[in-house]
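Next come two complexes built around chain A: one with chain B, the other with chain C.
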Partner chain A sequence: MTLLDVNGLNMSFSGYGRTRQVLHDVSFSVGASERVALIGETGSGKSVTAKAILGTLPGNASVDGGSIAFDGLDLFRQSMADREKLKGTAFSIIMQDPLSSFNPVFRIGQHLDDVMYYADRRRGEVSSAAERKARIHDTLRKVQLADAGRVYNAWPFELSGGMRQRVLIALALLHRPRMLIADEPGTALDVTTQDEILRLINRLVAEEGLSLLMITHNLGVVRQTADRVLVMRHGKIVEQGPLAQVFDAPQEQYTRDLMAAVPPLYGPQVVDQPVSHKTPMITLQGVKKVYAKRGLFNRGEGHLAVDDINITVNEGEIFGLAGESGSGKTTVARMMMGLLSQTEGMIAVTGAPAEGAQRLSQIVYQNPGTSLNPKRTVAQTLSVPLARTEVPADRQARMEELLTLVRLPVSYLSKYPHELSGGQKQRVAIARALAAKPRLIILDEPTSALDVSVQKTVIDLLLELRESLGLTYVIISHDLSLMRNFCSRIAIMLKGEIVEQGTPAEVFAEARHPYTRALISAIPVLTAEEQALKPSVTEEERARFLVTSGGGQAAPQATGTE
Partner chain B sequence: MSHLDTTDDTQMTAAWMGWYRFSRNPAAIIGAAIVISVLVMAALAPWITPFPDHVGSVVDFRNRHAPPSAVNWMGTDKAGRDIFSRTVFGFRVSLLLVFGVLVISVPVGAVLGMCAGYFGGWAEKIITGLTNVMLAMPPLVMALAIGNVLEPTLINAMFAITLLWWTWHARLVYRVTVSVANEDFIEAARLAGAGPVHILFREILPNCIAVISVKTTLDAAFVILFGATLSFLGFGVKPPTPDLGSMVADGRQFLPEKWWEVLAPGFAIFYATLGFNLLGDGLRDMFDVEA
Partner chain C sequence: MGRQIIEGILRRTASVLLVLFVLSLMIFVLARVVPGDPARMALGPSATAEQVADLQAEMGLDQPIIVQYGRYMGNALRGDLGESLVTNRSVTADIADFLPATLELVLVTVFLVFLISVPLGVLTARYRDRWIDNAGRFFSLFGVTIPSFLFAVGLQLLAGSFFPDWPILGRVDYQLNAPDGPTGLLLVDSLVHGRFDVFVDALQHLAFPALALAMAGIGQITRITRSAMIENLRKDHVLTLRSFGVPERVVVFRYLLKLSSIAPLTIMGLEFASLIGNAFVVEMVFGWGGFASYGLTAILQKDLNALMAVVLISGLFFIFANLLVDLALSLIDPRLRLRGQSA
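The block that comes next holds the complex of A and B.
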């Protein structure tokens, strides 16, 4: 039976005197109790589709044709008031970002009660405060927040990201909708927490007999949470079919490209980077860093960011520092660069800067949107390091050479960052790092702000550059599947300490530390074969290292580390 | 490069989008038109006014206190001088005051604000402390005090306003700098070997230009109004040079019978102030900044 039927939907946005079509003839359906995933990259129109179903389109959007029917009801023919009534009862959305979805000055219970009170009123039902509270407690238990009373009275900041995501799911479930729309749930969270959230959504869908429309760019997530897959690109659905069919035998080149861009965890496609045995460049021995607290009363104590770090980065290798947010990996990288000083221990820099360079190391930041000055052109950005490394006569030629190195047209020198795509901006950031002639480049989550296909092109570029320029990389990331293929050695960090170190092949084949195993097993993978090869984690280990379902502890947010 | 990693060809430049917002804002267009008309009138005053010589020490007692007519469009004052001509010339003094105050206080405020925001520490403590002290002083009291200690002239009034005015810009630029200073691109520039002068003027300043230009436009309106207030109170230019505030002060004695003597200069103050305020609001919407 079909619950949701989208038929020939055409939509456009207008602004600044122009109109741009964002959806082209989008047709699909979601059956009762069916799980459908909508895959697409940034700007493909997947979120717009969800908004059209919910009826929350912005004012400059117009529907140019087509229809959306929910349970036989044509949504575009309903009055505003009738559509309002459907929100939360017919379908609900699970929001993407649990960290910014709550008003910090209201308690969690207030958020839930407001939604319930107004939804009841819209439906013309009268409910007492006590009765609403009982229903809210029921719903909180349903999303595995066992200590519902405590969560009800908590302030948003007292709950960890995972718990807040659960509350967001509870918000969507308050009125027993028949369909859930999940917009990239858990992508703002660590991989282990995301895994828990996906399990929860799956269980709820199964237990309550809900339909699910999962919007995501992560193909691994799709494999876990969908029966049928829709692939969207530039506002068109380019491929759709049952999960197994699309994943095992994709028809479209675009789908195949997307699948190929996902770094494999196990299997024949996995790449092992050669290990370097050259001389060490940077050695850290017993390094400890304590962030001093600035305050009137608690001077002297501090936040222990990292402890007892022993690392050697050899020339020519790609050293990976993996860990979840707050694990201290950024602190370690900044100490390697000399941007932070250690509290205890020894950092020996044995590598010498290249001829004409001021520093041994340069950094490529996570978000190219903030690491490039929005008011300066590419040429102006590149001119800063070149002023130190080149004589004026050679600068123009060197700029052109750098852009060619990062595979950008020379004409891009006169562009401003907002004229470039995310991947292009990251290439400019890489070019800027190269311009300073470093021998070591710190890559701080260099691809986490990019789509997966763009990630692949940037990673390939980095590997080529290392080959041709003889660079050494230290990469910081939480994305273990990326690091499996990119690093020659990796270290896993947990709460400021290194719990495991070795070549990726060793670590992934037989992880010794249970946290490493938990981390690896939480990564969403593309195939059942890979799933089977993941290390097994006992429930006891899961409970020890992951944010657990039950009461959950209020996770203290690490300050100043990430 | 992969076919997946391309920019949108239909993308619009920020400048074009800003201009689009500006041009669709009637208030902003009216403001711009008023400001341009004021600038043109001030520049071309000797050629567009019927009695340009009435700016000097002309006395025509037979024609004093004449009501508006075909010859004297806005009437004449107590010395028989054409009020319309004098009002148009009065814009020159107002704009001179605006220019004199802002050309000093805006750069000084911007540089101090950037230093406070970027260097932090003692620079921040001293500059923000000084800013707060200066902001606590009522500008009118300050101007009157300086005028009484020195001489009640336009130059001294300008000096007094300038002494206080930079604080607004310092505070504004400080706020923008603090939010920009922790961005990755500042650290990246430092790692690339850039010195503090480069970072302040090439990396941070371009990010402040929008707020500075909005604030400066709105300031122009304030300075015109403030200058008129001061000259109304007797801190004007030396007679017979016309200036809007003292023209209102002179005409005030003959109210309500000789109403036209305050009407033209009063309206002129209103007109110029309104123009700069509308333009400033329009620029604020265009740049999408808070100033």
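The block that comes next holds the complex of A and C.
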């Protein structure tokens, strides 16, 4: 039986005197108790589709044709009040970013209670405060938040990301909707937490017999949570079919490209980077970092960010530091660059800076959207590092050379960051790092803000640059499937310590530490073969090393370390 | 958590004492190094050199500045701020007479600022780029750019020509025989004594001075509220509530208003400084027998003890107002309260 039927939907956004069509003739349906995934990259129109169903489109959006029917009800022909009634009760959304989805100056319980109170009122039901609270507590327990009372009274910042994501799921379940729309659930979370969240959604959908529309860009997630797949591109659905059919025999070139862009974890496609045995560039021995807390009475106490770090980065290698948020990997990278000083231990920089360069190392940050000054053109951005190293006459030529190196047209020198795509911005950030002629580049999550297909092109570029310029990389990431293929050696960090170190082939084939195994087994993969090759983790080991977000304590966001 | 709060209070008190100490030292030294002999000015041109020397000795002006300062502070801590050379009364008594008038004016002004600018800020943000937003923005620019004494004179002229019966001078009609005490704030005292006629009359007297004084703050706070609202309207948590059908008025007036009041409150605390400064001028225009007129006379007459008291109390007032603002902020924002750090 069809529950949701989207038929020939055309939509456009208008602004600044222009109209841009964002959805072209989108048609699909979701059956009762069916799990459908809508996949696509940034700007493909998948979130707009969800908003059209929910009725939360921004004011400048207009529906130019087509219809959306829910259980036979034509949504566009309903009055405003009738559409409001459907929110939360017919279908509801699981919001994406648990960090900013709650108002920071209101308690979690207040959000839940208001949503419930107004939904009850729209349906003409009267409920007492105590009765609502009991219902909310029940729902919180359903999403495995054991201590419902504490969560109810908590402020948003007191909960960990995983717990907030669970509350967002509870919010969607409050009024027993028939369909859940999940917009990239858990994307902002660590891979092990994301894994838990996906299992929870799957279990709830199965237990309550719900329909699920999963919106995501992560193909691994799709394999775990969908029966049927819709592939969206530039506002059109380019391919749809059952999961096995689309994943095993994709018809469209675009789908094939998308699948090929996902780095494999196991299997014949995995790339092993050669190990370098050249001279060491940076050596860390027994390094420890304590962030001192400032206070009137408690001087001296502090937060131990990293402890007993022993690393040697050899010339020409790609050294990976993997770990979840708060594990201390960024602190280690900053100490390597000399941006932070260690509390104890020794950091020896034995590599010499290149001729004409001031420093050995440079850094490329995670989000090029914020690491580039929006008010400066590409040329102005590049001129800062060049002012130190080049005579003015050579600067223009050097800028052009740099853009050519990162495969951007020379004409982009006069562009502003907002005129560039995410991938192009990251190329500019790489060019800026290269401008100072480093021999070592520290890459801090260089691709995590990018789409998979863009991620692949940036990684390929980095590999080429290493080849042609003889660079050494240290990469920090939580994306283990990327690191499996990109790094020549990796170290896994847990709570400030390195628990495992070796070549990716060794670590992935036989991880010694149970945390490494848990981390690897949580990565969403594309094929059943890869799934079978992942290491197994016992429940007891999981409980020992992973902070289960459903359980007790909140994980305070470690300020200054990540 | 308890330790954090105690620590916060201790740190705060220490910084207040330090500020007051530096302020008092600066003004004490400054008032004594500028030319002009207070003893000569107090006695007038006909006094003999001996009389002036006697008064100087009596006032301690022949001692080194540091000794004078030590003696002054010692007395001040015991509540004795010395004697005014102009009124020939103890400064403490003068302050007790004049301060409530200014306090009343400033409090009503702050109330007026919030009453007008917060709703206006919300409206202009909600209907961004519509006519109401444009009108509101023009109005707030008008308030920020025009100095308050001009508003004071302008309002007086307008009232004088259109509402000739409306009072534009003083605090209250003397024929009404306004009751005395216990607070010195006419609005409060009249209610305590059940004199509603005085209450209404005092309100009428307050309306124009308070409005003239409030205009700058209204402009400032409206703009800050507007931009805070606009920024917060874009946040994900607004989308969360909308997605579940929580009515727009609840989203805006309960959820967003509380979050968006953090920035305006912070600015309001800083605005107190210019509010006190502007009150000096506005009080002169409206013949408001307050602290400001007292301070102005003290400055012109080089009445050292009165001057010291006026500056110290203005400083104390500013610090206290900001303490209240911080308290309000920590009540609004749990992150400030529970994390014990300034975010």
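In this text, the second predicted complex is superposed on the first by the 560 of 562 C-alpha atoms of A that agree within 3 Å, B and C clash if a C-alpha of one lies under 4 Å from a C-alpha of the other, contacts with A are read in each partner's own complex, and residues count from 1 in each chain.
The criterion applied here is as follows: a residue touches a chain if its C-beta (ideal position, glycine included) is under 8 Å from a C-beta of that chain, and two chains touch if they have at least 3 such contacts.
All values derive from a computational prediction rather than experimental measurement.
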Which superposed partner A:V271 touches (first chain B, second chain C, both, neither): neither
Partner chain in contact with A:H111 - chain B first, chain C second, else both or neither: second
First (chain B), second (chain C), both or neither touched by A:A348: neither
Comparison of chain B and chain C by chain A residues contacted: B
Partner chain(s) touched by A:I363 [first = chain B, second = chain C, both, neither]: first
Partner chain(s) touched by A:S421 [first = chain B, second = chain C, both, neither]: first
Shared chain A contacts, counted only where both chain B and chain C touch the same residue: none
Of chain A, residues touching chain B in the complex: 16-18, 20, 41, 43, 257, 261, 337, 339, 358-359, 362-363, 365, 367, 370-376, 380, 384-385, 387-388, 407-408, 416, 418-421, 423-424, 429, 432, 435-436, 451, 453-454, 456-457
Chain A to chain C touching residues, read off their complex: 54, 56, 84-85, 87-88, 92-93, 95-97, 100-106, 111, 114-115, 118-119, 122, 155, 157-158, 168, 171, 174, 295-297
In the complex with chain A, residue positions of chain C that touch it: 3, 7, 10-11, 235-237, 239-247, 250, 254-256, 258-259, 262, 332-335, 338-339
Chain A-facing residues of chain B, complex: 1-2, 4-8, 10-14, 16-17, 20, 183-185, 187-189, 191-194, 198, 202-203, 206-207, 209
